[in-house]
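Each of the next two complexes has subunit A plus one more chain, namely subunit B in the first and subunit C in the second.
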Partner chain A sequence: MHIPDGFLSPQTYLPAWGLAAGAWAWAGRGLAARLDERLVPRLAMLTGLAYALGLVMLPLPGGTSGHALGVALLALVFGVRLAFLAYSGVLGLQALLFGAGGITALAVNALAIGLLGGAVAVGLYRLLRRFGEDLAAAVAAFVSLQASALVVALVLGLQPSIARRADGTPLFFPLGPEITVPAVLLPHLLIGVGEAALTVLVWRIARRKGWVGP
Partner chain B sequence: MRAVVLALALLAAPAAAHEVGLSQGGAPATVLTLRYADGQPFAYEAFELYRPGSELPLQVGRTDAQGRVVFVADGRPVWRLKAYSADGHGVDREIRVDSAALAGAVQDGADSAGVPRGWLLAGGLGVIFGLFGLLQLFIGRKGK
Partner chain C sequence: MNRARRWLFAYVAAVVGIGFVHDPGALAALLGAALAGAGPARWRLLRRAAAALLLFNLSVSLAYALVAAGQGRPLAEVLLTMNLRVLLLVFLGFWLVDRVRLLDALAGWPLARLVATLAIGQIGVYRRLLDDGRMAFRSRCPHPGAVDLARQAGAQGGALFDKSLQGAEQVAQAMRSRGAFDA
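Our next item is the complex of A and B:
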């Protein structure tokens, strides 16, 4: 789901960098307010897990491949701000080391996956936890992944409308939302099941160990 | 009779314009191979190949079943490959065609610089734990 370099127009990624800069500052203040010697190793552990998960590619029907994210898990354990900050770092490393996702597209990826994914996970969990903690965590993880996938698909699908040559041919990603939305969302329905199962599994351990923050 | 022959002769010229000629020959080709991170070929996906500075692609098409793009560089060293799937996977990358590639070597579109994936994974984890370790050290000193 990480958008690579060259697929997004500057009209898309420059405002996204501005938005992300503000969001990173907000998240940084959240980290500073909560920093203590117990938080750091826990955050390091789950950030490392999210990084490793992003590199375990699973073959999917249709000849493509996908991977779990770990954003919902980070958000449920540490809150949206820390999840966004930690996952932005993960995205940066994946882009620099593996070329998985682009540098120019980093802000869009971070906002769609780290911020929106984390916010949807926490919001849904709070809404649904009266029906059971595990069920709420599972649904939150599943839906947060679909929300991120939908935004990534829409951002990609809008590129032909945003930037095109005089003759009408797209300058960047050339396919419209009628193609990108199903192409991105359908595989993520399957990935979402794995993401939900993994989130519940690690979430239970984190709760048992008293890692779960406010 | 002469009129019929004349008419046939006149019709033959435009009829020949509908034919497509085919010639066969050899040329040193550059083979680019695109794969997903798990090693699956980036198969049957769309690509566009550009000369530097050109907005008109020299070649468009789809990768083959092995995720390959094959083209003849015509002695030009720098090209730009744009390959994409509908779900947003792909690359937009400058390709340098050196003498090895012209001799038939395969350029791999996977991890950059040819560093083994395991090393990159370990390196990334090292960066994460290193940075958090520094943060822990900073908090420890601040607390004293």
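Our next item is the complex of A and C:
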């Protein structure tokens, strides 16, 4: 669901880059000590999966695209910090190699999808796991996708209010939240079901193979 | 500062600067300048950029056209500005990747380079595996039905995990031998 280049105003993406820089520094702290030849292959594999999922996308009139993310899976297996870093790398490569997403929008995308999505997934999973691991993983994946989609839709929908000419003509993304929110959220309700199923499937494999945790 | 880093900084400066240009004529001139600067690769890069954003921008442009028509808002200038800006930004990104090795540009940032190395390595693994699987399936089953496709997708999904893990282990061992995990 990432936002492409050219849709966000500098008033939006420059502060977001500042915020993301702090978040990346926080996520990268102590990372070198955690990474070893056991963790890195698993991280690379699931990061590659997230990358592949992000490329099978459906353009949405709300200014973004619909696709599964794999962020909840990354966050459940490796924690929020690693998921955020890994997904930020995925977004950067998708932007530069395929023109999917963008460099100006990278920080907003990373914060909304990688950080918020990962945090919602881990928080919900911890809250719900007493009702069953699979159910908790499924709900966590579904809700985290919706949370990210909502933030992306709101950021896009606010652009006509943030950056416009004196006569009200929008300078960047031209559609308001009354269009972006339903246009982005409704397809993601369906995509979320697929995301939840995929997350549970891979989560089971990850637990069986002992990939979970550092 | 190496050449790749200078390109990266120039790209970032251009991308930020373009965000402050709102005149379609100026954006078209900048696109023309970028095309001229890109040399013989220009049309290949332009085709890639146009293909990357075509469906996406078309859906947004149509949605805005409907809204603007219904509410009497200005149409042509908004759409021209938005689409030219997006095309220019995507073109510059492709031009950057065409001109420099991304990992060289990230040489001064070990964490970014590590993440990029892992992701680029896995992209190659996934692409190879998918191509191999697709060609093998096509040779075995020239006219697949829905059941064949589902069975193939399931088998390929399982194989992807095992083989990509194996590929990533090789990358990790190569990184270990080069001191990537030394504190």
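As a working rule, the second predicted complex is superposed on the first by the 202 of 214 C-alpha atoms of A that agree within 3 Å, B and C clash if a C-alpha of one lies under 4 Å from a C-alpha of the other, contacts with A are read in each partner's own complex, and residues count from 1 in each chain.
Heads up, the rule we're going with is that a contact is a pair of C-beta atoms (placed from the backbone, for glycine too) under 8 Å apart; a residue touches a chain by one contact, two chains touch by 3 or more.
Small disclaimer: the values here were computed from a predicted structure and weren't measured.
**Student:** Subunit A superposed: clash or fit between subunit B and subunit C?
**Tutor:** Partners clash after overlay.
**Student:** Quick check for you: in the superposed arrangement, does A:P187 touch first (subunit B), second (subunit C), both or neither?
**Tutor:** A:P187 contacts subunit B only, not subunit C.
**Student:** Can A:L175 be said to touch subunit B (first), subunit C (second), both, or neither?
**Tutor:** After superposition on chain A, A:L175 lies in contact with both partners, subunit B and subunit C.
**Student:** Please indicate which partner A:G123 is in contact with in the superposed arrangement: first for subunit B, second for subunit C, both, or neither.
**Tutor:** Neither subunit B nor subunit C is touched by A:G123.
**Student:** When the two structures are overlaid on chain A, which partner does A:A153 contact: first (subunit B), second (subunit C), both, or neither?
**Tutor:** first
**Student:** Between subunit B and subunit C, whom does A:E37 touch in the aligned arrangement: first, second, both, or neither?
**Tutor:** Touch partners of A:E37: subunit B and subunit C.
**Student:** Applying the document's definition of touch, where does A:P10 land relative to subunit B and subunit C: first, second, both, or neither?
**Tutor:** Second partner only, subunit C.
**Student:** State whether A:S88 touches subunit B only (first), subunit C only (second), both chains, or neither.
**Tutor:** Only subunit C is touched by A:S88; subunit B is not.
**Student:** After superposition on the shared chain, which partner residues are touched by A:G48: those of subunit B (first), subunit C (second), both, or neither?
**Tutor:** In the superposed model, A:G48 contacts both subunit B and subunit C.
**Student:** Which chain, subunit B or subunit C, is in touch with more residues of subunit A?
**Tutor:** Touched residues of subunit A are more numerous for C.
**Student:** In the overlay, one of 5-13, 113-121 or 149-157 from subunit C clashes with subunit B and the rest don't. Which one?
**Tutor:** With chain A aligned, subunit C clashes with subunit B through residues 113-121.
**Student:** Give me the intersection of subunit A's contacts with subunit B and its contacts with subunit C, in residue numbers.
**Tutor:** Residues common to the subunit A contacts of subunit C and of subunit B are 4-7, 35-37, 40-41, 43-44, 47-48, 51-52, 59, 63, 65, 89-90, 93, 97-100, 165, 173-175, 179, 183, listed in rising order.
**Student:** Which subunit A residues qualify as touching subunit B in the complex?
**Tutor:** On the subunit A side, the touching residues are 1, 3-7, 35-37, 40-41, 43-44, 47-48, 51-52, 55, 57-59, 63-65, 89-90, 93-94, 97-100, 152-153, 156, 165, 173-175, 179-180, 183-184, 187.
**Student:** Using the touch definition up top, name the residues of subunit B that touch subunit A in the complex.
**Tutor:** 36-38, 40, 43-44, 55, 82, 84-93, 111-112, 117, 120-121, 123-125, 127-129, 131-133, 135-136, 139-140, 143
**Student:** Which of the residues in subunit A end up touching subunit C in this complex?
**Tutor:** For subunit A paired with subunit C, touching residues are 4-7, 9-10, 13-14, 24, 28, 31-33, 35-37, 40-45, 47-49, 51-52, 59-63, 65, 85-86, 88-90, 92-93, 95-100, 102-104, 165, 167, 169-175, 179, 183, 202, 205.
**Student:** Which residues of subunit C touch subunit A in the complex?
**Tutor:** Those residues of subunit C that touch subunit A are 11-12, 15-16, 18-20, 22, 48-49, 52-53, 55-56, 58-60, 62-64, 67-68, 73-74, 77-78, 81-82, 85-86, 88-90, 93-94, 96-97, 102, 111-112, 114-116, 118-123, 125-126, 160-161, 164-165, 168-169, 171-173, 175-176, 181, 183.
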